[in-house]
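Each of the two complexes below includes chain A, the first together with chain B, the second together with chain C.
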Partner chain A sequence: MFLRPSQSCLRSILYYLGKILYLFAFLFLIPAFIALLFKEINPFFDFLIGFSVAFIVSRLFYWLGSEGSLRVGDSLSLVAILWVVAMLLSALPLYLSGHYGSYLDACFEAMSGLTTTGLTLVQDLDHMAYSTNFWRHFIMFIAGQGIVVAGILVFGPAAGTLYNLYVGEGREEKIFPNVVNTAKFIWAASFVYLAVGVFVLALVLFFGSGISFLLAIFHSACLFMAAFDTGGFTPQSQSVLYYHNFLVELVTLYLMIAGTMNFALHFNLWFKDKKEIIKNIETRSLFFTILLCWIIVIYGLMKPPYYLSSFASLFKKGFYHVLSAHSGTGYMTIYAKQLATQWSEAALIGLILAMAFGGSSCSTAGGIKAIRLAIFFKSLALEVKKRALPSSAIVLERFHHFREQILNEEIVWSAFFITLLYLLTYFFGGLIGSLLGYPFLFSFFESVSATANVGLSVGITNPSMPEILKVVYIIQMLAGRLEFISIISVFGLFNAIIRGK
Partner chain B sequence: MDKVLNSERKCLIGWFKSSLKVLLGLLVEVAYFVWLVLTSAFLLFLFLQFKAVF
Partner chain C sequence: MKRIASVLFFFFFCFFAPCFSVCGAEINDLVNEPVRWEGLEVKVRGEIVGDILKGEGGSFWINVSDGESAIGVFLPQKLAKNLEMERWKGGNYLVKGTELMIKGVFNSACAEHGGDLDLHAMEVRLIRESRSIHHPLSFLKVKLALFLFFVALAFFLFTRS
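Entry: the complex of A and B
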């Protein structure tokens, strides 16, 4: 039996929704300022409209709601609703820019940005206004760290039940006992990287690619936001290939790895134990799975129809895409068509595995996550040990994840449950694509790319794809980003409203 | 006056120390990346050698 949520409970959801969206509304003013800087009048008004609508919606929710405590399930539902509303609002200036065929396409782009996926339905990107292009990357940066994480930072002292919201955004680890300080560190680390990343990339673009100073800053900011947040949008339609610059590839490669690392790991390496990078089960697992996928991709690239033969080309093209897929970024140094026509099935399977595995927990990467894979293999080892030893023996399996931990049933069950949900969603999307007439391997590739928030594409994602598939991918992107629990909670909430007593 | 200067100096030293820690941490992260790239390059080298022989 479901308990119907009380009026005060629903009003609390609206209250917090309004409060966080209030902050979100002001973000529209940053690209509006950039529009002024580049003298783009129409986009300036697009962002002003976006700001006005977001502001009115946030105030409306705020006035309709009232402050109160939230149950865990309601907090999780609130996060899912927040992300859907954020998608609808951030799609506004995109749609008004005229670069999208429909509002659904703009919503797809917004959700792809917010969830740091990188799949795109934009038309004529190379002629898009700078401010609109910046907005695509900026929402990646904001939502990559987490909309709620940003909210906690601003409304920190009144955070109250916001820890559940933090969990709802697919993050469980607290770097500090206090969630406000955790949010502060996540942003501080991001800004340290922002400063270093933009500076280095701007230097490389200015001196290496001959781009003017202002444009070099613009491109480096966009590239940084999408690389560190493992997003995958680029300012130009040819992705990283546009720059034809090995140093840009190298820097973005590093930023992808940095972005896929756990924020708690950054904290430990910066302020505590430097050896954590060797000891942590997550970095070990990541290292192993990257190499595993790399071996499969090398094997695949050496099979017909191969087009890469030298060490340098194999490494530059192959390894970049393995890391791009594994980190959940989706940057490409080849054309999307080449992936579909010139990469063998084995190489595509290697990339699918890399995308499906994903990065670290409490990072901006998507996918099953390194820690869950490690727990999976540890639990297998535990089972083998149990069977090999006498039944009276007490068998324990330990792992190091910031501290020594003993593998218990709760940890294993939680990891298995989320992994199973990821696998089911991967197959579900692949099946839908296949039913719509796409080859299964390609539709499966695209489905994994959407769910694991990667953004690599074999060409299925384009403005002319079926509308139903766009909706399916939007749901997959959101479910993958929030790690399912919030989505399940929102279904639970609606079910309770309709059928509850 | 001396007390103020002293506390400012301590603050500056503290800031410098924590910046150094962050920098070292960043270097460790870069080292992990380099190690990953080198191992991958070595694996590719092995593959190519294997292919050349067989």
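Entry: the complex of A and C
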């Protein structure tokens, strides 16, 4: 029997929803300022409309709600609802820009940005207003670190009980015992990388490519936000290929690696033990799977159709796309159609595996995550040991993840459960695409890309794709970003409201 | 014998003529069917988008769009120094970029440029100068924005207590 949530519980959800959206509303003013800077008058009013609507919605929730404690399930549901409302609001200036065929397309773009996926339905991107283009990347930066993480930072003192919200956004690890300090570090690290990343990229674009100073800053800010947050949007339609600059590829490679690393690992590298990068099972797992996928992709590229003539380009293209896929970024230095027509099935399978595996936990990357894969293989090793030794023997499996830990059933079950949900969602999306008439390998590729928040595409994602598939991918992107638990909780909440007693 | 020769000539013309001529192509076709156009001399028409980028050793890169897809065009130093590039402007929100007709060799994986898909220009002709794009102010948007802004302000004052 389900228990219907009490009035006070629902009011608490509205209260916190309103509070976090209140902060979100003010973010619309940043691109509004950029619109004025670039003399883009209509986009300025698009953002003013976005700000006003977001402000009214947030105040309405805040006014209707009341402060109170939240149960775990309600906190998780709140996160899922928050992300859907954030998508609807972020899509408003995108839709008003006239670069999207429908509001659904704008919502798809907004969800792709918020979840740092990078799949896009934009039309005529090369003539988009700078402010609107900035907004696409800016929502990646904000939501990449976490909307709730931002909320916790701003409303810190009142947020002591909001740990469950933090978990609901697909994060479990606390760098500090206090979740507010954890949020502070995540944002501080991101801003340090922002400053360094934008500076280096601007230098490369200004001196290397001859782009004007203001535009070099604009491009580097957009590239940084999408690379570090493993998002994958770019300001121009040709992705990273637009720049024809090897240094840009190198810097974005570095940013993708930084973005896919656990924030706790950043903390360790900066302030504690630098050897953690070698000792940590998550980094080892990441290194091993990147290497494995790279070998598969190179093997695949050496099979027909042989389109890369030199070994150098074979290694370069292979490595860039494996890392782009594995980190969940989705930057491309080839065209989507080339993946479909010039990459062999083996190479595509290598990329699918890289996307499916994903990056580190407590990072901006998506996918199953390196730590879960490591736990999976550790538990296999444990089973083998148990069978090899006498039944009276006590067998323990240890692993190092910021501290020495012993593998137990709870850890294994949790890793298996989330991994299973990812695999089912990958398959489900592939099946839907296949039923709609796309070849299974391609639809599976796109489905994994959406769920693991990657953004690589074989060309299925475009404005003329079936509407139903757009909705499916929106759900997949959200489910993958929040690691399913919040989505399950929100279904539980609605079920309890309707059927509960 | 003459008849056989003419039939042979006809078949030869049909199958091999494209190899010896410059093919007119849409950029969208090049990008979507790279295998078909690999290594061929093609002629494309499109608008420069974004910036004119410096390459190595006095060469330049431009990105040219036909409205659906864009492609990187490599302008070697020898060609670039004879072009009036200072007159060119890349398209953006406020500018419709310079329109060019470009003859060049299409590479789906250019060995010289790390396997990138590109077009190596041999001839560039200016078709149309860049021009500014006028975006008329949408009064509906202005009215809606101001109305919602004041509603938000009023609602804030109403709920502040």
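Basically, the second predicted complex is superposed on the first by the 500 of 501 C-alpha atoms of A that agree within 3 Å, B and C clash if a C-alpha of one lies under 4 Å from a C-alpha of the other, contacts with A are read in each partner's own complex, and residues count from 1 in each chain.
FYI, contacts are C-beta pairs under 8 Å (C-beta built on N, C-alpha and C of every residue); 3 or more make two chains touch, one makes a residue touch a chain.
What you see is a predicted model, and the numbers here were worked out from it, not measured in a lab.
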Between chain C and chain B, which one touches more residues of chain A when both complexes sit on the common chain A? C
Tell me which partner A:Val192 touches in the superposition: chain B (first), chain C (second), both or neither. first
When the two structures are overlaid on chain A, which partner does A:Gln238 contact: first (chain B), second (chain C), both, or neither? second
Pick one for A:Ile277: touches chain B only (first), chain C only (second), both, or neither. first
Regarding the shared-chain residue A:Leu314, is it in contact with chain B (first), chain C (second), both, or neither? both
Using the superposition on chain A described above, determine whether A:Met302 touches chain B (first), chain C (second), both, or neither. first
Which of chain B and chain C A:His266 touches, first, second, both or neither: first
Does the superposition put A:Tyr335 against chain B (first), chain C (second), both, or neither? second
For A:Ile290, select first, second, both or neither according to whether it touches chain B, chain C, the two together, or no partner. first
Figure out whether A:Ala258 sits in contact with chain B (first) or chain C (second), or with both, or with neither. first
Identify the residues of chain A that lie in both the chain B contact region and the chain C contact region. 314
Can you tell me which positions in chain A touch chain B when the two form their complex? 192, 196, 253-254, 257-258, 261, 266, 269-271, 274, 277, 283, 287, 290-291, 294-295, 298-299, 302, 311, 314-315, 318-319, 322
For chain B, which residues are in contact with chain A within the complex? 18, 21-22, 24-26, 28-33, 36-37, 39-41, 43-45, 47-48, 51
Touching chain C in the complex, chain A uses residues 38-42, 45-46, 48-49, 51-53, 55-56, 59-60, 62-63, 96, 124, 126-130, 208-212, 215, 236-238, 241-246, 305, 307-310, 312-314, 316-317, 333-335, 337-338, 341-342
Enumerate the contact residues on chain C facing chain A in the complex. 31-35, 49-55, 61, 63, 65, 67, 69-72, 74, 91-94, 108-109, 111, 113-118, 133, 135, 137-138, 141-142, 144-145, 148-149, 151-152, 155-156, 159
